[in-house]
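As structure tokens, here come the structures.
You will see chain A twice below: alongside chain B first, and alongside chain C after that.
== the complex of A and B ==
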């Protein structure tokens, strides 16, 4: 198992380097940020001083070298260490993503199992319809609808506020918005995988021996259907992080998505780089965790 | 079965972590305190006066800092940290400021003349300042900018409460420029302290304004508290809370629920709100003209100025463009009545604005005739002009209407949007023949439009983006710049403006009116709004006099 983990860790290094290189090249292609850092009336000398201050006068390989050493430097706009800005926002996004994942997994697995338990029933059709709607709705639109209904019309929840991003009542709408989108996917996949597992010979054997339907579903079908579901949950967790960009903007959450969105509009290259790096690390870590979980769920994969 | 239990346990653990991550923050103000609450669309780029180039930062900085002089709502200069607005001394081109005694910084220390010198020399340091141009007329400023000296010769501390500024020549715009927030007075020790703690002054601003800085949580909020020792008298409000709310609809919803004292009005909702809740709408004209810029000239290989492109060399075509645009429709229908048609370069409300000076009005028949006179009857043979603009939903609506108007007379334009930084770079370095732009006055003086945007010395990036060049105009502008006679200056600027309107290097579009929503219980704020106030942050309002009667 240790060799497996070490091998996967080594494989992630070139991926990370590739991401840094691609981000660096794309940001350089977007032009010189000096124009936004100085007055429109600044002289060539003033522009040069600013370029020196932010290291923009250094050769490209030196600038790239700094990022490869994970030295993200100062934000052009906030003049604060990028690591500090990114980490502050990451806490907000982590809270949001974790909450959304709990909603998605709990609702998705339950709905999927009930649909598989009673296939082609009214609940199954309703769940399928709800799932189609769920995967089709853009996050920011769903957030606006929920705000309109629960905050403006009914007044049950407060309107989005950036000043209290850690309080439960302010988290309900963004967490539900983000969670519902993944719920649909997990529910449909759980249903499909479980129905497929139910056609296997060992399930038929268990049924022949007189096992109860519930025990068969939870004890035999679900554990064996879990491998693809865990994959989707893993990739979805990373997807939730990036999906948070729109949800955070629509619900005023001061998370990583908002920080990157603002940094892009202000062409704050170090912050964009910091945010992308953090996203990349999370994606890699989640993929690694999923691979390890595979090994635990299906020992055949570990030995392959 | 064990795997199912493992999943349930994992979910329970995640749920526990989630609940542990929840936090309840103590409020920045007690229940009995009433802060004035502003929404922000995003974090301001800076709270350091010498770095302010945008309206949002300016709005907050003006609450924390004070300047020696400032403008009142009638756009008349009033004393701020100075006891009086100083008179110009022609003998040595100087101004002598008598400073108020007993003015305290937020750190408790008394402000003295040495602080003004330090603040202005910092404003002249290109490694920290983005606004060095404000003090370029000061004697010795150029040497300091070029780092030939450590101190500026023209900034002189006479005694603790007397500060003398010597200029290189007469400058009628020196006082208007130092009324900008960038010339605010700051304490050196606060800058040093921020540097020592590896932070920045922008993160820990200390000034002499009516409110002192308490906290800035990036992308969330900025908290200011009342400064009881404010030289203008103890402010009536307990504090000011700025909260970042990127969604315009959420800002409006929260305002209507009474969670903000003021807000902007989202596009598409202006007419409805003005109809349903007129008592909440506040209106003030802004010193802003939006226009289409036409590239007039370029420099050839030898550096000689020659006409650029078809539009730059054909006055009839430029006039046809000016006659083809239905400005009234643009302002009423497209901009929902937030603007009025621009009749001249100087917006109404700007000192020196002459209402008798009127540019071209909408006349499609005349536009067609001018087009024929230019050699392109019904637009036949005329190439399509690319029209560049900043990528922005509202600007897109405006340029689409313009495209339709021009097409109706036979002029085709291709719309090309660019992100703001790239757009500016294009206009500065590789100017297109036609581009959409706007200019907001930095200070209320016609030179801020007429000289900054049309003098040959301002070629390109410094302001003359249309590369207009006329030696006669330059001579007149130089004469106005060197004169302290306001009447002569304004007459000269009017003369130049008349010539500019004839030459048509701008297609005038609209003068923007600043509409915001203000709660009815706010007293003393909208009454102070001036044409310098753009947006909902009430930048130039003296907030020490504002109160809430809830």
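== the complex of A and C ==
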């Protein structure tokens, strides 16, 4: 097991390097950032000072080296370390994503299992239709609709506000939005996997022994359907994170998405890159965790 | 429409066996959701082509005094100074700049469909090339290509697109094409590679080689056609994904620029206003959902038609 974990860990290194390289190249492609930082009338001396402050006077390999040490540099606009800005925002996004994940897994697993319990029932069709819409709807639009319904029309929830993001009632709409979007995928997959395992011989054996359908679903089909479901939950995190960028923008939450959005409009390149880099690292880490979890759930994979 | 009479009988009657495309169409024709979706896609294409004819008004025309007119059939401007817009009707209302929402949505179809198709085309080009070479040659080519694919795949796609778009000085349609196209090819490359791997060792490839077929000919004439089905499905589904991606980029202000309308951009503009004027936030989103849903349902239908054993 340990060698398996170590091997997977080593395999992520080139990917991580590649991502840093992409970020760096994109940052360099955008031209000399000095022009963004000083007024066009600045003297050569002033320009030099600014270049030194942001490390732009160093040769390119030294600048790349800084990225490799995860030194993200200074924000052009806020004049503070990018790492600090990004980490502050990441806390908000983490809370949002985690909440959404819980909503999605709870709803998705339940809906998928109920669908598999009675395939081709009215509930099954309704769930399939809802799932089709769910994968086709932009997260930010769903958030806008929920705000229109629950904040404007019904007045049950407060209007989104950037100043009071921590309180629970402000989290409801973003979390539910993001959760519902991923629910569709998980529900579809759960249904498919459950139905497939239900055709297996061991399920028939269990049935022959006279066990109830509910017990068979939970005790025999679910554990075996879990591997693909865990994968999708993991890979879905990428979707969740990009959805978070858009949902935060739509609901004015000061998370990573919001920070990246503001950075784009202010052309604050180090913050954009820092944010993207953090996203990518989290994504890789989750994929790694999923792979390891895989190994735990299914011994065959460990030795492949 | 193909004859709904028993398939076996009609296939026997016409002596030539039904070609793979005909069989595909027959299976597809039995899937009502997919057919509806195809109809919607056809309609959307028509709307995009005929936008200048179908749109009630010019997309950027400002009806002074008719700001925030709610949707309705007859002119809803009551005040006399709004005479200019008095007899007009705005099916989906007007925006804060007094432009007709319906006309803007009609023109927005052009942006969404173009981005969906062109970005997918770029993804397909890169994905097919990478997948074919990786799968066919294996070895170090495969190793390098697959590591690159992993790397791009590891990047949350919209964020990579954001990074690419943000780097360019002026956001434009071309940047959106490239951003989405350069991000979306990874899953297609993996798919093509796995297809090639499953076909590569089959006897007919050996036969083609024995007959003196070169690599290029074998790849193009013998391997690619056998991977076409899954590629078409992935391409169709990725059109929907790219339309969603474009909407997201436009929502972040990175897509097509004003005054030209895109659905995501319209929603971005609506952010400040839709809580008071609901139609600004509702109609463009509806357009996105209908379009993406159509492509997704059609893609699902294609997949089922290509692989009758799956599903059920």
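By definition in this document, the second predicted complex is superposed on the first by the 299 of 304 C-alpha atoms of A that agree within 3 Å, B and C clash if a C-alpha of one lies under 4 Å from a C-alpha of the other, contacts with A are read in each partner's own complex, and residues count from 1 in each chain.
Convention: a residue touches a chain if its C-beta (ideal position, glycine included) is under 8 Å from a C-beta of that chain, and two chains touch if they have at least 3 such contacts.
The shown structure was predicted, so the numbers you read here are calculated from the model rather than taken from an experiment.
*Asks:* In the superposition on chain A, see if there is space for chain B and chain C together, and answer fit or clash.
*Replies:* clash
*Asks:* Using the touch definition from the top, say if A:107 reaches chain B (first), chain C (second), both or neither.
*Replies:* Touch partners of A:107: none, neither chain B nor chain C.
*Asks:* Return first, second, both or neither, reflecting whether A:269 touches chain B, chain C, both chains, or no partner chain.
*Replies:* second
*Asks:* In the superposed model, does chain B or chain C contact more residues of chain A?
*Replies:* B
*Asks:* Looking at A:159, would you say it contacts chain B, chain C, both, or neither? Reply first, second, both or neither.
*Replies:* In the superposition, A:159 touches chain B and chain C alike.
*Asks:* According to the stated criteria, A:249 is in contact with first (chain B), second (chain C), both, or neither; which is it?
*Replies:* both
*Asks:* So, A:144: does it touch chain B (first), chain C (second), both, or neither?
*Replies:* both
*Asks:* Would you sort A:193 into first (chain B), second (chain C), both or neither based on which partner it touches?
*Replies:* In the superposed model, A:193 contacts neither chain B nor chain C.
*Asks:* Enumerate the residues of chain A that count as touching chain B in its complex and touching chain C in the other.
*Replies:* On chain A, the overlap between the chain B and chain C contacts is residues 30-31, 144, 147, 151-152, 159, 249-250, 265, 267.
*Asks:* How about chain C: which of its residues touch chain A in the complex?
*Replies:* 147-148, 150-152, 154-160, 162-164, 166-169, 240, 244, 247-248, 251-254, 264, 267, 270-271, 274-275, 278, 281-282, 285, 288-289, 292-293, 296-297, 300
*Asks:* With touch defined as at the start, can you tell me which chain A residues reach chain C in the complex?
*Replies:* Within the complex, chain A touches chain C at residues 14-15, 18-19, 22-23, 26-27, 29-31, 132-133, 135-138, 140-141, 144-145, 147-148, 151-152, 159, 238-239, 241-242, 245-246, 249-250, 260-261, 264-265, 267, 269, 272-273, 275-276, 279-280, 283-284, 287.
*Asks:* Which residues of chain B touch chain A in their complex?
*Replies:* 1-4, 7, 11, 14-15, 17-18, 21-25, 42-43, 45-46, 53, 126-127, 130-133, 145-146, 199-200, 202-203, 217-221, 241, 243-247, 249-250, 253-254, 257, 259, 421-422, 424-425, 428, 461-463
*Asks:* Would you tell me which residues of chain A are touching chain B in their complex?
*Replies:* Residues of chain A touching chain B: 30-33, 35-43, 45-46, 49-50, 53, 77-80, 85, 88-89, 91, 94-95, 98-99, 101-102, 105-106, 109, 144, 147, 151-152, 159-168, 171, 218-219, 222-223, 226, 249-250, 252, 254, 258-259, 262, 265-267, 297.
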